[in-house]
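Common to both upcoming complexes is chain A, partnered first by chain B, then by chain C.
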Partner chain A sequence: MLPSESTEAIVLRRKVVLSFWAVFVFLGLPLWFHTTTIHRTPVPLSAIETLDNELKDGLGLSRDDDPGLHIAVGVKKNCLYGITTREISDELQRLLRTEWTSSVFSLDLVDADECSGCSMPKYTLNCIGSDRTPLPKTISEGLEITVYIPSNHGSKEIIANGLYDAFVGDFLFFNKHDLGSIDRAMSPTTGILSTMYRGATYADAIHLSFTLLIALDSSGGERAIEALSPEFQTEWRVHAEKVWNTLKFGELNRYVSSITFDTDVGFQYMTDGSDEWARVEQDVSSDKLSSLLDTWDLQPITLLTTSSNSSAVKVLQFVYFLPPYSTNTKSLSFTVANWGGVVMAGDSPDLPAAMRTFGRQIDKLLSPVSFSLANGSKSRKTLPHRHEFARIATIMNLRGAIETLSALSRLVTSLQEMAVPSTVRDLVDSAIKEWHSAVVNLRSDFDQVAENQGLRHAAAAAQFARQAVFDKDMMLNMFVPFEHKIAVYLPLLGPVIVPLVAGLRRVVVESRKKEP
Partner chain B sequence: MDSKTWAVFVASAVLKLSLNFLFPSLHSILGQHVEVTTSMTSFKQLKEGLHLYEIGISPYDGGVYHQAPIFLLLFKFLGKFGSTAPNSPTINVFYVFTDIITAYFLCAISKSQSLAKTNQLADWVIASIYLFNPLVVATNISRSTAVLSNAAMIGSIAYACYNRNILSVMFLALASHTNIYTVYLFPPFLLLWTSATGATMASVTKYLIFYIAMSAGLTSIGYFMTGSLQYLSATYGSLLFFKDLAPNMGLWWYFFMEMFDFFRPLFTYIFQLYSLIYVLPITFRLHNCPLMAITCIVGITTISKSYPEVGDLGVYISLLSLFKFIFPNVRYALLAALVILHSLVLAPNFYHLWIYLGSGNANFFYAITLVYTIGMTIIITDTLRAALLIEFQGTENPSKTVIQI
Partner chain C sequence: MNELLRILLLALAACLVLSSKGVKGHEEPAFDNETLQRFLSDQLEARGGATGKHANNWAVLVSTSRFWFNYRHLANALSMYRTVKRLGIPDSQIILMLADDVACNPRNAFPGTVYNNADRALDLYSNNIEVDYRGYEVTVDTFLRVLTDKVDRRTTPRSKRLLTDENSNIFIYLTGHGGNEFLKFQDAEEVSAFDIADAFAQMWETKRYHEILFMIDTCQANTMYSKFYSPNILAVGSSELDESSYSHHADSDVGVAVIDRFTYYNLEFLEKVDKGSELMMKDLFDSYDPVKIHSHAGVRTDLYNRNLSEVPITDFFGNVQAVEIDEDDDEE
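After this line comes the complex of A and B, so read on.
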């Protein structure tokens, strides 16, 4: 039998147990609730739904203000090779029925020869077959697009006053054989509108990185020795700077706030020149471009965003690769979307030609649309009717923003245990604010300043929406379901609770024993 | 102090100075060991902070320096007498002197009224246990600033034992300013301070106000040095919220390496509460022996603090040496000693395997820290049990025997 305890000892034990409980109850429990409560800041879900409906209703834009490529063309019979305008329309509407093109593009075809009393569209498509008739250097002012088609239906020549008109003609020249080309033209990944979509990824500033990549091998090729010389490298930098100067003062400057560039000289060492070069050739021919880029270890740089605002810097890389030894291989070039371009030297390095190729690649990668107009033997590049494409890019960004915000709305609604930090609310508010600014801009009279600002606001809205969805504090807490929390709390608090409860029980039992 | 005690002081000074002279790079080697120093007490970081302070940049801006600003003033003052390089004569003498002072305080405590009626070890033995303890020697040679915090804490105990309460409060405030976990000692210190006059509301309030005022004064030194109170986040914030995730001899770092961010605040608060929750109960239970309560709380914070070092164990063992009367009742001394020895030998090896050789992983080192904690827990519980047993036998009929059931 245990010896009896003194009253003092019992009181002391009671104080000890209650002091444990005091800390647990007055400090532990409040801290536990505070640190594990899921904080869900209210996100303006109804505002997001309103924007979605607004977009579906056409953003309140009138037909004239409607941003998009809307083309009405009168087609002359000589362009219809056994196909009616109705059939062409139906086919094009079928091709147009993609989610992202349907809001920015429409095409009305009218039979020009049978249009009596109707208002003729802006463009008329007139096709003339000719093998020997010399092509006119110019055509009269007007809106007639004349398409010269060789009798063997080979390459067509399109003569128009402006590139936009040439684009329309190029786009619209159709017959049964050309329906496939229209399909390709409308393809989101390879067609004309895909270049517009790339241009929609708006960046406030552009950085071009030119790299002269010299392959070295154990045989010590002459080409490498020549390329290693300071004179060659100086020449490389001079030509790169010429490209940059052209861009700096060119049309591209109207899109962006700054263009910067840098030049670098890099080396790739090939232990056995022939095998390595053969692999490089194989990669190029089989379109394994990503493996080629990985081999070169030139990191693909995506859009960099500063935290202070939504401005972004688009960085593109351009590589002039000198293979290790002379081959008869012609110069190759290719572009990689969201990365840049590559020119691989042929028999001998030709820096001016490489730079011209880079220039074309830059145009292709950065401009919403650019076309070369063949006028005799000369090629001429300008950016046609940019405001239409800027507006299209604006609306594409707005579509991207609303899709992202809608996804966020569904995420927040469906996952009730996901924390929603206040930063997400702030980003959504910013996205909505930028959205409204972009729409106001779309509804106003367009000029160069307005179109850039509209595009900036829309791109900012898309950027804010993306940041809101991928907020670090929200995403990290998505994967902690309630069952996991139990698994964490039990081993952490269980060993503490058991002696506390046992002690409290003893205190209660003792106090009850004393009461009678 | 008898001659033997002075001989021990001299011998320890010779030992430490010889070690520094014969092995000039020893401080650097030990300073890199996470078992001996942490980012909260590292001399290397102190030097960086001192350099930033001297060139006019706030040492708390870079996220490197986490120690109290008063150390910057102290070492800047020491710099007037010579170089503040870790192996310079000035720093050598200063650290040796600090350890001797700490040993002196321990000897003074053993002869105080608080322990007058108990059987005590000889002064020279108590001094030797502290000065020749390898853990304390290693901490001293590594130039950890924990040496200074421990000296202030033990000095506070010594002054409290001799009823020099104002000085005791000052030293406790200083120790708390440099090592925030010393705040946990305030309740048992209150018992010590009020042991002569009795614990009345007035006396408790008086010491509380004085302690807060002293702490505020020390905090204001930091404010005037850095121009803002932002340094509190870098010093106490880092310690309390475990901002510097680095391996050490504690239990925290492994948890925080693995857990989701969602649970991080919860774990931080729970772990801090775990050391806080024992303060009042131990103070209540050992109210008759506040010194033992202080020793127990020092032991508990040694295993539960966020950045523990092996020097904390050295101080705890030195405080235990003041309670010779409990040694006969300690049952697991050999087990605890072997467990601690085992962990102290393996810890640096497993850390080396993990970090430098890459053939181990974090589990190796964390397992040893768990073993170390088990050893410490055995010591704490065993000594606490022994103390309670002595208390029971002392107050009850001495002829009663306690039968283990």
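After this line comes the complex of A and C, so read on.
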């Protein structure tokens, strides 16, 4: 039989047990709660839904100032080669169900020859052609777009009074066999409107990276030695700077805040030596060139950010490749979508010619179609400078922003175990603020400055939305199976809980014994 | 004794109560096939239909195992790496994650090499390989961040990011030790089927893929794709629930198994494929033989709405850049 405890010992034990419990309840539990709660900052989901509805309702813009590309065309029968306007409309309706076109583009077709008493649309498409018909040097004032079709089915030529009209004409020319061209025209990746689509992901800054890539085979190569000379490298940089200057003071500068460039010299060791290059020369095809591109050891491009930090930089790479030898007198050049361009030198390197080719490739990547102006000017490739294109780019960015925010909203709602830090809410608020600023610009009487500001606000909104949805702290908590929780918590908490509970029980029992 | 038992039961109850706070279990998504199909078609309608057109292919190849005796898992991943590179996917579009470095392991009788065959005809660790995440960098957190692109953009180079978009087809290959709805990383942590499913859901919402081919070679691998719910995912695993996956053969000089069966027979098929191949995904899946693989490989196609007999192998395993040869142009 154990000796009875003294009163002081019992009181001390009671105090110890209660102290442990006090620490457990008032410190341990709150600490545990705080450290295991998934922190989710409230995100303004209803505001996002409101913006989405606003966009679907047309942003409060009237039809006249709707920033979309809406074309009403009267089509003369001489443009319809075995196809009716109804068939074209049906086909276009199918093609118009892409994400891009359904929001910003509509096309109304009217049979011009049968339009008696109807109000003729803005444009009339008139097709002429045979090899013997002289190409008109000028056309009458107005909005008739003439399409000249050579009987040998060569490339058609558009005669129009302006850039936009020519674009419309080129876009609209179609016959039964040419419906594929409509498909291509509507395609966001390959069509006439592809630049607009790309431009709609508007980058506030453009960076051009010019790389002189010298092939080295086992012999080393005289070309390599020449290219290593400081004079050659200086000349390389000077020519690159000329291209940069042309862009900097050209129309591109109206749409971006900065155009930068860098030059680099690299070496490519060809493991199979001249045989590898010979195979490319013998079979110049997209596949072969694509394979060659895969093997090039180009320096990784560092994505630069502007000082505003609100939008990304579009980086384009241009590579002048000096092969180990060449049996061709002319150089070979190709463009890679969303990447840049390549010029492969012929038997004698020609830097100025290469740079001119880069200039054309830049135009190709950033500009739409080529055309002839009715005043007899040579065809030019230039960025669209009509306000419609800037506004379309604005609305495209707004669509991008709201889609991203809606995706964020769905993820936050459906994944309850995902943490939502406060930075995400701040970014969403910033995106919504920029969104409103862009819409104000769209609704106001616009001028060039206001349009570009609207475009910048819309781009910023899209960028903030992307930063929010890809916030690195917005991660999902890991799923832990129930049996794993038991296996972890029981040995962890058991040795603590058991004595605490036993001590408390004893305190309670003793208290009850004392009661009469 | 009764008192002790009572205390233990109280402690257990306390643990259960406490454990219900914090990490929640996943509820099984309550949908049937019809609801799933409707959901998928709504998603696809919103995306303008799954036309099968894609512009770029990416690959995420992960070996999750550490230690010398898991040599074969690294060989699996490196074999797949070699295959996708051969078929055209450039290093800039491959994320290779190797949890250990067997090539430079002191136990490696052939230092600096990794072989997937006892004849040692092909060194997978030869020149021109680019490992993006190696060693202890390969964690569950890293893997999920790569998929969802929730990385620190200031410190993560582009070469270590999965820079996909809505036109990208992604081939995701995992190999290591796994179990019922989990895959072990580094012998220290696990990723569950739910986590990967949620990561794919995030990728779908943020338009980071067009189609995914998910391939996994572990024990009970097929359980890892059982929780997927996002559209346009084609999943294939090496073994059923309660079934193990096995190695193919060992190299007596290396001293360990050098390749797993499922991966071995995939590679055997893929060696017949080149960039212009007209073989289809159905051909690959039809080539799986449970007798050879020693397990039942499974394919999940309910989230994938294209006919497998019309999906080229190169839609996932190869890549061609969008090259356009310039026309002669005299203007300046």
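Assume the second predicted complex is superposed on the first by the 375 of 516 C-alpha atoms of A that agree within 3 Å, B and C clash if a C-alpha of one lies under 4 Å from a C-alpha of the other, contacts with A are read in each partner's own complex, and residues count from 1 in each chain.
One rule holds for everything that comes next: a contact is a pair of C-beta atoms (placed from the backbone, for glycine too) under 8 Å apart; a residue touches a chain by one contact, two chains touch by 3 or more.
Nothing here was measured: the structure is a model prediction, and the numbers come from that model.
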item	value
Chain B versus chain C as contact partner of A:23, first or second or both or neither	first
First (chain B), second (chain C), both or neither touched by A:36	both
First, second, both or neither for A:486, with chain B first and chain C second	second
Contacts of A:15 with chain B and chain C, given as first, second, both or neither	first
When both partners are placed on the shared chain, which of chain B and chain C touches more of chain A	C
Contacts of A:474 with chain B and chain C, given as first, second, both or neither	second
Chain B and chain C contact sites that coincide on chain A, given as residue numbers	32, 36, 473, 476-477, 479-480, 493
Chain C residues within the chain A interface of the complex	3, 7-8, 10-12, 14-16, 18-19, 21-26, 47-49, 55, 88-90, 92, 140-141, 144-145, 148-153, 157-159, 167, 181-182, 191-192, 194-195, 198-199, 201-202, 205-207, 275-276, 319-326, 329, 331-332
Chain B partner contacts - residues on chain A that touch it in the complex	3, 12, 15-17, 19-20, 22-24, 27-28, 31-32, 34-36, 419, 473, 476-477, 479-480, 488, 492-493, 496
Residues on chain A engaged by chain C in the complex (per definition of touch)	32-33, 36-38, 97-99, 189, 284, 286-287, 289-291, 293-294, 300-303, 332-339, 341, 356-357, 360-361, 364, 378-379, 403-404, 407, 410-411, 414-418, 469-482, 485-486, 489-490, 493-494, 497-498, 501-502, 505
In the complex, chain B residues that touch chain A	260-263, 265-267, 269-270, 273-274, 276-277, 280-281, 284-285, 287, 400
